[in-house]
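You will see two complexes here that share chain A, one where it goes with chain B and one where it goes with chain C.
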Partner chain A sequence: MSRRGWLALGVTALAALAAVPLVVRRDDVLNFLFLVLLSVALAQSWNVVAGYAGQINLGHAAFFGLGALVTRTLWIAEWPVLAGAALGALAATAFALLVGAVAFRLRGAYFAIGTLALGEILRITVGNVLPEVSTLPTATIGAYRLADRYYFALALAAVAVGVVAALERSRAGLGMQAVREDEEAAEASGVGTLRLKLLALVLSTALAGLAGGLFAYYHISYYPAHPFGPHWTFDALLITFIGGVGTVHGPVLGAIFYVFLKEYLAIRWVDFHLLIFGALFITIVLLLPGGLVEAAARLRTLARRAC
Partner chain B sequence: MALLELEGVSKAFGGVRAVSGVSFTVDEGELVGVMGPNGSGKTTLFNLITGALRPDAGRIRLAGRDITGWSPHRVCAEGITRTFQHVRPFAGLSALENVLVGRLYGRARERRATAAAEAERLLALVGLGGRGHVPAASLTLMDRKRLELARALATAPHLLLLDELMAGLSPVETEGVMVLLRRLQREGVTILMVEHIVWALLDLSRRVIVLSAGEKIAEGPPDAVAADPTVVDVYLGTGAGGARRA
Partner chain C sequence: MILVQQLVLGLLVGGLYGLAAAGLSLVFGVLKVLNVAHGELIMLGGYGAFWLWVLLGFDPLLALPLVVAGALAFGVLLYWGLFAFVVRAHEETRIKNSLLIGFGLALATHALAVRLWTADERSITTTYAGAVLSLGPIAIPLVRLASLVLAFALIGALHLLLQRWRWGRAIRATAEDWEAAALTGIDVRRAYLLAFAIGTGLAGAAGTLVSVGYSISPSIGLEWTLKALIVVVLAGLGSMLGTFVGGLVLGLAEAASAFAFGGPYREVVGLVIFLAVLVARPRGLFAR
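== the complex of A and B ==
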């Protein structure tokens, strides 16, 4: 599809999704779409640093969690929620720069292992310092409108997709892909790899922080350590791989497929859904490393041959 | 003033003196060959010049400017680019994107709008014209070497380092590469090349440098160097030459 084709598709989808709360008055539908949009934003944020710059962040939940923590705290202290989310994103990014400045100087698996450890340390610390469930004040609960959360999610998902689409066509995006393919060869070709890895991390964690803010805005009550849980990282990772890592539309397809399957499986086979996703993940990595995007491309080639 | 100047450059890995006290210069527009047995430090020398490794001692200057210890991307922006002995194209990118990386970064730093045309021109120059959309991973060894050369040229280097560009190629392909190198030479690109194929060096360059166990043991016109008893000794392995360890 051409650039204009994609743009038209994106605008149409956005308009249709924006109209949903006006037409559909069922909370279960809005909640489902909300989850899809949150997943798009979170997966896309992981896709920036891992799919494009090739830096496997296994502690992505730490940045999602930080965004949630800061947003929730400020919002309950009666800040506007968007201001809270912006500061949440800022906190996540500042922390990311600190981590990246150290971990990116080391080659190999240090970044993956370091972020994994860091995510867990943060989760345990938050769980110890803030063991009580966080519940919104009664007045806020009274004024709760699901549509507000839905529009926040829609805007964030659109921004996340927009960021990745812009990256795909930019000089920085191409440089990041060069880093992903071969760091030494990228350096030899003039690419400042440390700067680009940090840029990818900043973009990625700013989006993850905002997604955390959205989580804090959506839930009436939750344990503050919950958004720091490693399953958020693995959701983002699975969605991105299922859809197509390092592509713009992969994580969108992946999120729709994943949330749908997860909701369905959670109702039918509560105990088995992790096992099923694990198997699915392995199958995709082994047989279809390009995810759904590649599957679609292969089908198209087959169809063309059959004609 | 020399374009490239090395002064007593050394690098050791543990007990192995990979490069030790090497000095030489390369003038603008020259094509200089580097020879030496396996493990004599040729690739390490390139890693030092491009900034992939930091020397333990010695200075490296480009057009009089001290670039010792600079990171590779800064060295590239200053005008030195290389190809790798074991080819390293960006496998997941298309051939055109590979060249674009060099064009958008490197010394050229061209704007995106005009970079594509130059990238296409370079692909055609190395014999990959019209194949820009092909994924680099699906190219043959010869074509991947061509692609690496195009990517390196795209950075607009003053000095091009070629590490065994001809290794693994058939005689016909080697001849093709030589035609290309002569053309680059005429266009004024300065080249420093590691090559085992002596007849190619004899043909292309007026000066070669011979390394053995990290030390420069000879320098001069290729035919004179090839006749030098020390060099013969090193290559035939009769004396103390070869992969001597410190």
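== the complex of A and C ==
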């Protein structure tokens, strides 16, 4: 498809999704779409730093959780929720730079270890310091409207997809892909690798922080440590890999596929879905590293040969 | 006195950090594979010892060699089933894929353990579990002291194995430069397999000791992976005894920070150590 075709598709999808709450009155449909949109945003945020810049972030939940924590705290203190989410994203980015600025100077697995450490340490520490469940005040629950959460999610998912689409063609995005493919070669041909890796990290964690803010805005009650849990990181990894890591539309396809399958599995095999997803993920990484996008491309080639 | 007591306990748990890290360090150094499911292997080892004790009444000291043997066999299967495919890729892809696969493996193992054994915390409480060695006002739990001694003995044995045993030297040669090792006639794949199995065996031993002196639950995996990673970052690769000392240092640092800032913040010291080492040794911690 041409660039214009993609743009038309995106705008149509956005308009259709924006009309859904006006037409559909069923909460279960809105909740389902909300989960898909949140998954799109979370997966795209991981995709920026890992899919494009090639830096494996194993503690993505830390940034999601920080966004949730800051947004929730400020929102309950009667700040506007968007201001809270903005500050949440800022907090997430600040922590990311703390690890990234140090770990990115070296090649190898340091960034993965650093983010894994950050995620676990924040999860345990938040669980220790804030062990009580966080519940919204009664007045806020009374004024709760699902459509507001839905539009926040739609806007965030659109921004996330837009950021990745812009990266795909931009000079910075091409530089990131060069870093991903061969960091030494990129460095040698004059690409500012450290600067680009940090840029990818800032974009990625700002989006993750906003997604965390959305989580805090959506849920009536949860344990503050919950959004720091490693399964959020795993969601982002899995969705991105199912769809196609390092592509614009892959994580969107992955999110739809994932949320459908997860809801289905959750009904059939309550405890087994993580086991199945774990096995699916390992299989994809080893055998089909391009995900659904690669599978579709292979099928197209086969079909063309057959004709 | 509270500080001294804390430091003693920190030192005791530090021995287990060292043991947990030794397996991870061996596998990473030799296969260039970073198995972030190492903590889950520890967790499985802990359950192995726990069930041997509950169902068959095996004392943990007796269970230890059995769990290690089981873990060695499990390591062989895990290598053939999964990591043999990972080591085929060249080095950078290898690390990335192992991180991704390890992470998926960790979550799946965690889910499986919750399903099989529930999320409850468990520990082996033998008749001698409460025994304490009192040195004036300082109390030393005997079981934990024994764990430290056993951890040290195991690391020492591993050190000797790598120095003296024919395949131990082959493993070290492979770690240093696998191409050169292959040229001298070493079966590199066999060295990979052995190193991975030994690493898993060490995880099994660490799990047994954790289930005796401390407690296990399906969710401890990632925490132990993290401790092991921080020790590896701190101690570098190549020396098992260095890794053991690194574990002790982490245990002491955690205890000191818990004393200074309060228990809830004891984990933060790990991140500080990680960042500090990177700043202080910018050539890279995995340098020999």
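Just so it is clear, the second predicted complex is superposed on the first by the 307 of 307 C-alpha atoms of A that agree within 3 Å, B and C clash if a C-alpha of one lies under 4 Å from a C-alpha of the other, contacts with A are read in each partner's own complex, and residues count from 1 in each chain.
Heads up, the rule we're going with is that a residue touches a chain if its C-beta (ideal position, glycine included) is under 8 Å from a C-beta of that chain, and two chains touch if they have at least 3 such contacts.
Keep in mind that what you see is a predicted model, and the values were worked out from it rather than measured.
Visitor: Looking at A:275 after the superposition, I want to know if it touches chain B, chain C, both of them or none. Which is it: first, second, both, neither?
Guide: Touch status of A:275: second partner only.
Visitor: Applying the document's definition of touching, compare chain B and chain C: which contacts more of chain A?
Guide: On the superposition, C touches more of the residues of chain A.
Visitor: Quick check on the superposed pair: does A:112 touch chain B, chain C, both, or neither? Answer first, second, both or neither.
Guide: Only chain C is touched by A:112; chain B is not.
Visitor: Could you look at A:24 and tell me whether it touches chain B, chain C, both or neither (first, second, both, neither)?
Guide: neither
Visitor: Quick one: classify A:286 as touching chain B (first), chain C (second), both or neither.
Guide: So A:286 only meets chain C here.
Visitor: List the residues on chain A that touch chain B in their complex, please.
Guide: 170-171, 174-175, 177-178, 180-182, 184-193, 246
Visitor: Which of the residues in chain C end up touching chain A in this complex?
Guide: Residues in contact with chain A: 34, 36, 82, 85-86, 95-97, 99-101, 103-112, 114-115, 222-223, 225-226, 229-230, 233, 263-265, 267-268, 270-271, 274-275, 278-279, 282, 284-286.
Visitor: Which residues, counting only chain A, touch chain C once they are in their complex?
Guide: Answer in residue numbers: 54, 56, 58, 98-99, 102-103, 105-106, 108-110, 112-114, 116-118, 120-121, 124-125, 128-129, 230-231, 233-234, 237-238, 241, 271-275, 277-279, 281-282, 285-286.
Visitor: Show which residues of chain B lie in contact with chain A when the two form their complex.
Guide: Per the stated touch rule, the residues are 50, 52, 71-74, 76-77, 81-82, 84, 88-93, 97, 100-102, 104-107, 109, 112, 151-152, 154-155.
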